[in-house]
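Structure first, commentary second.
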Amino acid sequence: MPASYAYLGPEGTFTEVALRTLPEAATRQLIPYVSVQSALDAVRNGEAEAAFVPIENSVEGGITTTLDELVAGTPLMIYREVLLSITFALLVRPGTKLSDIKTVSAHPAAQPQVRNWLKAHLPEAVWESAASNADAARLVQEGRYDAAFAGEFAATRYGLTALETGIHDAENAQTRFVLVGRPARPAAPTGADKTSVVLWQRDDHPGGLRDLLGEFATRGVNLMLLQSRPTGAGIGNYCFCIDAEGHISDRRMAEALMGLKRICREVRFLGSYPRAEVSAADVAVPLPGTSDLEFVAASDWVARCQDGRF
Amino acid sequence: MPASYAYLGPEGTFTEVALRTLPEAATRQLIPYVSVQSALDAVRNGEAEAAFVPIENSVEGGITTTLDELVAGTPLMIYREVLLSITFALLVRPGTKLSDIKTVSAHPAAQPQVRNWLKAHLPEAVWESAASNADAARLVQEGRYDAAFAGEFAATRYGLTALETGIHDAENAQTRFVLVGRPARPAAPTGADKTSVVLWQRDDHPGGLRDLLGEFATRGVNLMLLQSRPTGAGIGNYCFCIDAEGHISDRRMAEALMGLKRICREVRFLGSYPRAEVSAADVAVPLPGTSDLEFVAASDWVARCQDGRF
Amino acid sequence: MPASYAYLGPEGTFTEVALRTLPEAATRQLIPYVSVQSALDAVRNGEAEAAFVPIENSVEGGITTTLDELVAGTPLMIYREVLLSITFALLVRPGTKLSDIKTVSAHPAAQPQVRNWLKAHLPEAVWESAASNADAARLVQEGRYDAAFAGEFAATRYGLTALETGIHDAENAQTRFVLVGRPARPAAPTGADKTSVVLWQRDDHPGGLRDLLGEFATRGVNLMLLQSRPTGAGIGNYCFCIDAEGHISDRRMAEALMGLKRICREVRFLGSYPRAEVSAADVAVPLPGTSDLEFVAASDWVARCQDGRF
Amino acid sequence: MPASYAYLGPEGTFTEVALRTLPEAATRQLIPYVSVQSALDAVRNGEAEAAFVPIENSVEGGITTTLDELVAGTPLMIYREVLLSITFALLVRPGTKLSDIKTVSAHPAAQPQVRNWLKAHLPEAVWESAASNADAARLVQEGRYDAAFAGEFAATRYGLTALETGIHDAENAQTRFVLVGRPARPAAPTGADKTSVVLWQRDDHPGGLRDLLGEFATRGVNLMLLQSRPTGAGIGNYCFCIDAEGHISDRRMAEALMGLKRICREVRFLGSYPRAEVSAADVAVPLPGTSDLEFVAASDWVARCQDGRF
């Protein structure tokens, strides 16, 4: 297997910065790809050991391209997640002043995150979408546009200067990235883990989705994300991408997944992995009756009853 | 262990008739006891291998004496159940005519089952309670009362004649009896089984009992009886005697019991045993997703996910 | 309407004592009846304004005779409840010593409440059941038996002496009595009320009873008693007598009852009435979202939405 | 109020075609806007009577721009919906042959819907994103690109020819559009209606979302769409855009909405309106106990109980 990680390029974007926070990235060759799809295909066809792509951000919600790739095609698995706080720098060619700026550029996803800042500081500037924030910086370097919104780290690479840093409309703007590989034994539980699955309902009836979620609730498993995605079978047909708190090796999670497997038309396991920036000490204590010890004790008790020793 | 069965006496009652329908009764010594409590104590202290007592009838519901004995004290287990249709004969000394009858006797439990018949045919007769229907027959034999309501089978024993048979106010009047022994490995599942448990709630809050029952419902297990009984901790404190459809070796039942064990303050297993007068062919097909095969498949799937082979 | 209350006699029982705790009893003629059925019939046929009968005790649970009478026949309604702590006195003819007692008598319901005391103090005494505790006292007076378990208040009436008082096996032994009349507008809510209903399920399926209870739980209504009673349609067919916390004029209770009315085969309303020995100050605060104010606000909001004013 | 409808422009797109299927569009001035946001702002500031924008398609799911606009800011209301089947034509300048095509253009949203067709027929063609399909057609007219994917109806306007029509990767590719206006009394129910709301949870706990959906399920209301959207309060914080079957004037829907209003932190009503391309005859019969008649009967019954007339 090649010791390389694919990632959503180009170089010099937030994705690369987030990827480099992973210790294992230091020992791999990091290869930018032009799209989420091509990065994940690189994993599927064996070109790369894993791919690093954005999956959720606090402004846009779930990144549908990534979710749709994980939902369909050859199964993949999430190995790790990384959370990155997103603030933008306004990059210009050295010497440019704020009042010189007539055109600004960035990836369209950046627009809702700097809209208020633009209104306040550059109300007349024309917005020009670029393929990526890094590409916007390149186009500023080439003189096509006057300024780019990008990570401050991109300034050096493109010979630009940050006229302003820390630009962000929303407090706590963050993007979540995942390292995705081929199915493998999930990382050992850390006590602060997350499990991702995709659920397809068997049929649609009042209470159907409530009952699916009941499989988690009955075992005291908390949901962290529920994102519906079209199944491709026509408008109104959705599957559900779900992140739940806990690890598949937790008894409550395992039993909830078994329950879903039994009542869903299909369940796709997307992995159990450590939650980013959360330590076991911060995780809520399981509800009464849902700890591993209680599961084991209950299982032992039933076994004793089945055996006549009670 | 003594090859004897204790039963709620005296001889010549419906209980004895029901007990004799069990093939295994033919090879045991059958010993009448004066009360449910004494019959069950005979099991608890080793005098008898098992005890045969009524537990539910279609007029009175659960027999509280029996339930309370099973709920408290040294654990016992239900091995078998028997359903007996109950109709009464009006037993008199030979020669007595309906118009001669001034006093009638029977166990108080018989009264609600013959009340309408009495109103219609012997509106003037005085009711005298007896310790059992058999005892009433004996008192008629001795000349104390004019007529007794009892099983027709009691006539011979007490030298009486059945002036009328098939007396019953309610259609489908039946009594359910159970053979109770010390904890042992439950009988193998027959495909038409029943499981009995007692549940004590951890605390009382809106939705508490609903959640207990949800442990059965989530796994598609049907309830057949729910009878609340006082816990002895003061008025308004109840435990719940529950009969559920299925065997503890069924995966859905085992998982439901584990769920209850985890969320209840206490669960007492009272046994899994064949349902009386029901064959496997009459049992409802499990709901989608709740068959043993589906449980096993789901469990295998989770194991494969845990192992990275999906 | 006659200014009289029927009650379960005879005179000199706990029922009479409990009845006399009601202020309104002072202005009515109190007439003992030989059975719960006859006392309630007196209400149904207009002989009495209301009847006072036991409905639940901490040893036996629900009093099935009373429940069955309320469940079937012409509808009645519970107006009030009374809680009475039950302790027995051992009544003897003056001069009798403990060592003289060979026979003891009381109503059978008293037996489980004094069993331990008997074992400890009169292990050899023979138990003789009587029609009521008062009747047992009368039989002691007549010299038939040596001692009676009854309320201490019965001593005077029968010229007996209390050899011992405060006898009770269970801590907190209490009996709950109800004053039952013809349907009428329920008493105004006090803030500490109870509502009684009987529910008949439409059919039997996994989750059926859970869904009934869900009608209460969804609206945050707490259950205080659930007692199953046979419907008379054969063994295994039950209706459910339920006491729930709150008053039918509470919005959450009214909506829960409407929900039950819609999904049950039948619902019988048995009344809303003040909880005995509980003041509004002791009642739990409604769960978030279930107070009358929140119901009214939600109803107003929907009305505004329906009207386009939001 | 101006007799004009804003719509997501430019002219000659699927949105305009869908809008023109509405009879009321014939009597309004139809004004294209450059974005969903600007079209909706035109309604909010009174420039337009209503705005017509896409809200869901079978490939992308919910259109997040539209949902986010409806979720936040001054409340708006959905008046109508339109479903349009989407198939593309390949538009070229007259004389262009398939083998001449080196570059193709369209709005990025079109790309996933023609990807397979491109692979099969124009594997070498370079994709160039345009601001809209209509804009792509204009750029073909100007000679910038060789071919555009657009609605066949766009050919005439731009002097182009359809080299191929009916192109679509997915069967049943459809887009749903909504006509959005200021809050008003919802259209009268047709028997085949839909209600849209946005829900914000009070807090996050195991079973929280299950309980929200339970408010619909308890009243037999079926869900048609559940789309989570970030609340802007940081990653992992979502509100839920929900389409449910039925009209706010249906009793079951009104009671479900009241329940949600009581337990949610906030509920935003987005309107009740006729379902597109569905007649009342195709709508599922309400579950037992959930019809308006049953709600009214249950409400009457509770009123009679409250009044003592039962």
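A, B, C and D are the chain letters, set down in written order, and residue numbers restart from 1 in every chain.
The definition used in the following text is that a contact is a pair of C-beta atoms (placed from the backbone, for glycine too) under 8 Å apart; a residue touches a chain by one contact, two chains touch by 3 or more.
Here the structure is a predicted model, which is why all the values come from computation and not from measurement.
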Touching chain C and also chain D, the following chains: none
Centroid of chain A to centroid of chain C, CA atoms only: how many Å? 59
Length of the line joining the C-alpha centres of chain A and chain B, rounded to whole Å: 57
Between chain B and chain C, what's the gap in Å when you average each chain's C-alpha atoms? 26
Hey, what residues on chain B touch two or more of the other chains? 214
Which two-chain combinations touch? A-B, A-D, B-C, C-D
The residues of chain A that touch chain B in their complex are 75, 77, 183-186, 202, 214-215, 218, 248-249, 254-255, 257-259, 261-263, 267, 269, 288-290, 294-295, 297-299, 301-302, 305-310
Could you pull out which chain B residues touch chain C in their complex? 56-62, 64, 83, 170-172, 174-176, 204-211, 213-214, 216-217, 220-230, 232-238, 287
